[in-house]
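Heads up, there are several structures right after this.
Both complexes below contain chain A, partnered by chain B and then by chain C.
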Partner chain A sequence: MTTAETSDLLNLRSVVLSNLQHQHYWTDIKLLDTQVDIDENTQNDPLPRPMIYGRPPEQLYNPEPASSTNEASSSEKPPADKEYVLPVHLTEKLTLRTWASVFDNLPTPSGAAEGGEGGGDAKKKRIVVAVVSGDSTVVYYIMHDGIVKPRQN
Partner chain B sequence: MCGTLFGTLPQAQQQNIFLGLPLELMREEARLLVDQRELQWGKKNIILDWIAGSNRSLKGVATIVEDSLAHRDAVKALSETDKADILSLKIQEQDKLMLANREESIKRKEAAIENAKASGKWKTKPARASESSIDKSKETPLFESTLDAIVDGVGGEGGREELASTAQRTSADDGSQRQYVIPMASSAIGLHSLRLPREAENIPSPPDARYQVYKYLQSLGYFMSPGLRFGCQFVAYPGDPLRFHSHFLVKSLQWDEELSMLDLVGGGRLGTGVKKAWMMAGLEQRDIEADRPESHGVRTFCVEWAGFG
Partner chain C sequence: MADTSANGAATAAATAAIGSPLNKPPHSAKPKRPNYNVIHADPLPVVLYHSPTLIPHNPISLLHHLYLYFFPPVQSHKVTYIGVFSPVTMSVEIRDPTAVLDLWNKGFWGKGSLSRSEPTWLNREMRRLGDTQVGETSEEITRRRRDQRKEMKKERARKEKEELQKIKEAEAKNNEDTGSVSNGKPIIADSKVVVELETEIKGLDETVTEPSHPSVPTEEAGLPTPPPSSDELNTSDGESKTDIVNIGSETLPVSVPPTSDSPPAQPAKVVRFDSNTSTKEIPVEKKVIVQNQEHLQLMLSEAFFLAYALGVLSVTTADSPKPLSLPEIFKLFLRHSIFPPLPESSISLTNFNPDNSFLINYVVYHHFRSLGWVVKSGVKFSVDYLLYKRGPVFSHAEFAILIIPSYSRWEGKEENVGREWYWLHSITRVNSQVKKTVVLVYVDVPTADEVKGWDCETDGLKTVLGKYRIREVALRRWIPGRNRE
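The block that comes next holds the complex of A and B.
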C-alpha cells in the first residue's frame, strides 16, 4: 500500500471517528493500526486497513445474547460489548479476499473454541462496517464472518 | 432441494401457493443432481476434477436427457412387434370399455322398463302394439336376443365377435377400420424403457462461483430458491420454504471479484427491511504459502444494518 493510499484511509478513519464520538456517543475508543494494537503477542505487521475499536452506548444486536441471565439478577445494564469498526469509502470496491484478511486479523471472540471454525455454535467474528459517502454521511452495517442467522427471524 | 413449481392458473398468477407442476430446477440444482450420480458411479472425468469429492456418500439421482430427442429416439426404437403388442393391448382395453358401456346401458334400459311397468305407463304401449300382433311378436324377441348376446359377450371369448356385429362392424378384427380411444394409458408402454445417452451432452454449467456457493449452502441443509424477488442470486431458507421464512439473500462472488460498496449497502438495507441478512460468499483461494492450505472452502460474510446511522 502506498503512503498516499494509507493517508487516505487514515483521513477516512478520522471522519468515522468524529462521527462515532459526536453523533453516536461511542466511548473507550482506540485506534488500531497494526496487529499489536489488537493482540500484543503477535508481530508488528500493519493491519490490512486501519480500524477503530470502541464501545457503543447501547449493546448492538447480538445473535447469542450473553446478558440474558444477568438481566434477571441485576437491574443495572451491563456495559455494551466493544466493537471493531472498519471505515470504508462508498466509492471503494473491495473483494472477498480483502474482507477475509480483515477478519483473519481479528482475535477470536471470547467464548469461542480455539480454531472452532467448523463448530456451528462457536461465536462468530464480526465487525461494524462504516461506509462514508462524499458528503461525510456515515452508515453502519454489521458484518459477520460465517453464517449468522438474521436478528429478526 | 425443491426446485420451482411454475404451473399456474391464468386467474391466479400471483398466488404462487397454488403453483403446480411442471417443476423447474435451477442450473445449480440440476448440476448437483448429475454430479452426485457421477460420484456414486465412481466415474472420474474432467468435470469432476474441480469439484470437491466430499459428497461421495450421497445417492446420485439424475441424468440429463434432451426431451424431444429422447422421445423421438424412443418412438423410433419401437419394433414392429412392440407396436403390434401395444395395439392389441389397446384393442382389448377398448373392448372391455365397450362391454362395460353396453352393460350399463342395458341395465338402465331394464330399470327404465321396470319403472314404467310399476307406474302403469308400460301397459299403454303394449296395448297399442297388441292391435297389430305382428309388431308385438317382432318387438320382444329382438329385444331378448340383444340381451343374450351381451350376456354371452361378458362371459366368453367369443363375445367379441358378437359385440363387433352388434356394433355394426363389417369385418371383425382386422384393425383397419377400428376406431381407437385417444387417451391412452401410458403405463402399458412404460415397459419399453428410454434409451439414455451414456454421456450426457447437455450438463448444465452454472458459473463456478454460484455453483460452489450453492453446493456449500445446500450441504449445510439450506434450501435455495431463485433470488430475483430480492435482487440477489439465491434466497436461502433454513428448511422447507413453505414452513420457514428465508434467512439470507445470497450473492456469490469470485474470490478476487470487486464489489461496489453501494451493492453492499443496498443489499444490507434491503435484507434488513425484509428481516433477512444479505450474504456474500465465494470459494476461498488462499496463497500457497498460507498456513492452512487445506482450507479451500467457501467463505461467507453476512451483512445487516447496524441499527444506527
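The block that comes next holds the complex of A and C.
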C-alpha cells in the first residue's frame, strides 16, 4: 500500500475544483493547502490533505426546517454558507485517523449567526466529501463531526 | 401546471413569432424530441465492410468479387479516435468535438466530464449566458423538476406549521372557555383537527412520493435520465401527460387551502411554479461564445475495450503525440487502477498481479459489452456497473452489476473480506428503490502463475483474459408477505 503523494492529491483536487466551478457554479473558491495554516488566529495544525473552501449557489444542508427561515427568504436570500470540501478517490482506502485529523484541523464554525435552538448543530464542524470516480462522476456527501439533527423531509 | 405550460408555450411561440413571423403555428415552436433511433442507429463506432452479394450470372458482380479476392480490404475499419491519457483524472480524455459526438452517438462511450451523462456542458453554459439558439439539456429539465419539488416541500412545511398553530390556538381557546373543568370536550375537538391535519399531510405526502413510482423520475440520483421528457414538460395538451406535469397539477390546488375555516389573516400564498419559465423572455437571437471546458472521459475499461477489442482508439499521453502500444496501455491502466497510482516499478508486464482491479473490472466490462449491453459506471447506485439495454437515452438501466472477485484457485486467500450482509442489504435496498435488479458477478481470478509470461505469445492478452471466469447471480429481495403468489 503506497501513500498518496502530494501531487496525486493536488491532481484529485483539481478534478473536484473544475467540477465545483463549472458544473455546480460554486463561487468564492479558496484552495486550502497542506502547508499553510488555514487561519492565522487558530492553533490548528496544517490540514492532512489539500482541500477546497467555497460557496455553493444554494445552502447545502440546513437541519432547521425550511419554514423557519421561509418568511425572510422570499424577499432576499442570504448567501449560502461556505463549505469545506475534501476530495477523495473512489478506490482510495481512508482511515478513521484521516477523517479525524481533517476535522481536528478545521476551524470551529462560528455558528452564532443562526442562533436560537439550532446552535448546537450549527457549531458542528462539517465537510463535504467529494468522491471522484474514474468516469468523471463526482459524488458528494456531507459529513458532520458528530450527530446532528436530521433534516425534515 | 396547466397554465404554466401554456404560459411557457406562449412565450416560446412569441419568441418564435418574432424570429420568423411567417407561417409558424404555435405548436411547432415546441422543441421537437430528437429521433434517438436515427441518432443512435449504430451500436458501435465501427464501419464494417459489407461485401456485395454474389450474383454468378452477372459479370460485374463476378469482377467485383475477383477484385476483392486479389485485393482484400486490409482492415474493415481503421483507428479513428485519439484519446489522451490524463494522469490527473486517471482516465482517457477525448477533446475533438466530432470524436466526442461519434463516440457518444455510436454506443454511448464515456461521459461528459461536467455533465451527468451526455456531454452537454457547452450547451448549458451557452443557455445560462443567454444564448437562445441551443436546445434545452436534460440536466436543466431535471433541475426544474427538482426545484418544483423543493417548492412543494416548502409549502408543505408551511402548511404543517399553520395547522400546528391552529391546534395550539384552539387549545388555548378551549382552555379559556372551559376553564379547569371537563377536559373531555377539548380533546375531541383537537383530535378532529388532528385527523384533518393528518389526512391533509397524507395527501401532500402522496403528491411527493407518487412521482417516484412511475418510470421517469426513479433515477433521482442524477444518472442519465433520458432526455425525452424535454418536450413533454412543455406540452399543454393531455396527450403526453407525464409525472412532471402531474406534480404541478396536483400541488397547485393544495397550495390554496381547501378548508374554508382557515383564518382569513392567512396570506393566500400561491406558489408560482412558472416563475422560471415566464422569466425566459430573453432577447431573441443571441449568440454566445464560450470555450468548452468539458471533455469526454472514458473509464479505463471503456478505453481499453475501444483500443483492444474494437481497435478504434489510439491512446497517447500529454508528453508525446505518439500512440502507445497495447502493452504500454495495458501497463499504464494497471498502474492507475487505484488511487494513489502504483509506482512504475511495481508492475512488470511479464509478471503482473492478476488480482489488479483494472483487470477484474475490464473482464466484466468486456463480458457485458460483448453481449451487447451498454455498460456505464454505477457509482451513484453503489455498484460497479449499470447495464443499459440499448443506451441511456432509450431506457433506464435494468441491471446493477456488483463485481465480486473469487479466489477459488488461489491458495489461502480469503474471499469477500469486509463484505457482510448489511453491505449487501443496503445495496439491494438502494437498487430496488430505483427498480434495478442487482446482479452479483463473480470473477474467478487466475493465479499469478497462470498469467506469467503472457507477452511471449502473440495472442498473450487473449490468453490472459481467457483465464478469468465469470459467473452471474441475479439477486432479488423476497418479502414473504408481499410475494405470495
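Criterion: the second predicted complex is superposed on the first by the 115 of 153 C-alpha atoms of A that agree within 3 Å, B and C clash if a C-alpha of one lies under 4 Å from a C-alpha of the other, contacts with A are read in each partner's own complex, and residues count from 1 in each chain.
Note that a contact is a pair of C-beta atoms (placed from the backbone, for glycine too) under 8 Å apart; a residue touches a chain by one contact, two chains touch by 3 or more.
Source: prediction; values computed, not measured.
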Touching partner for A:E92 - first (chain B), second (chain C), both, neither: both
Which superposed partner A:A100 touches (first chain B, second chain C, both, neither): first
Partner chain(s) touched by A:K149 [first = chain B, second = chain C, both, neither]: first
First, second, both or neither for A:L60, with chain B first and chain C second: first
First (chain B), second (chain C), both or neither touched by A:K77: neither
First (chain B), second (chain C), both or neither touched by A:K30: neither
Contacts of A:V139 with chain B and chain C, given as first, second, both or neither: both
Partner chain(s) touched by A:H22 [first = chain B, second = chain C, both, neither]: second
Residue contacts on chain A - larger count, chain B or chain C: B
Touching partner for A:S14 - first (chain B), second (chain C), both, neither: second
Residues of chain A that lie at the interface with chain B and also at the interface with chain C: 19, 23, 89-92, 131, 139, 152-153
Contact footprint of chain A on chain C as seen in their complex: 87-91, 110-115, 121, 125, 153-154, 156-158, 160-161, 208, 293-294, 297-300, 302, 337-343, 357, 376-377, 379-380
Chain A - residues contacting chain B, complex: 19, 23-24, 56, 60-61, 88-97, 99-100, 103, 117, 128-131, 138-153
Chain A-touching residues of chain B, taken from the complex the two chains share: 220, 238, 245, 247-248, 253-262, 264-265, 268, 271-272, 275-277, 279-282, 284-285, 295, 299-309
Touching residues on chain A, where the partner in the complex is chain C: 2-5, 8, 11-12, 14-15, 18-19, 22-23, 65-67, 70, 89-92, 131-137, 139, 152-153
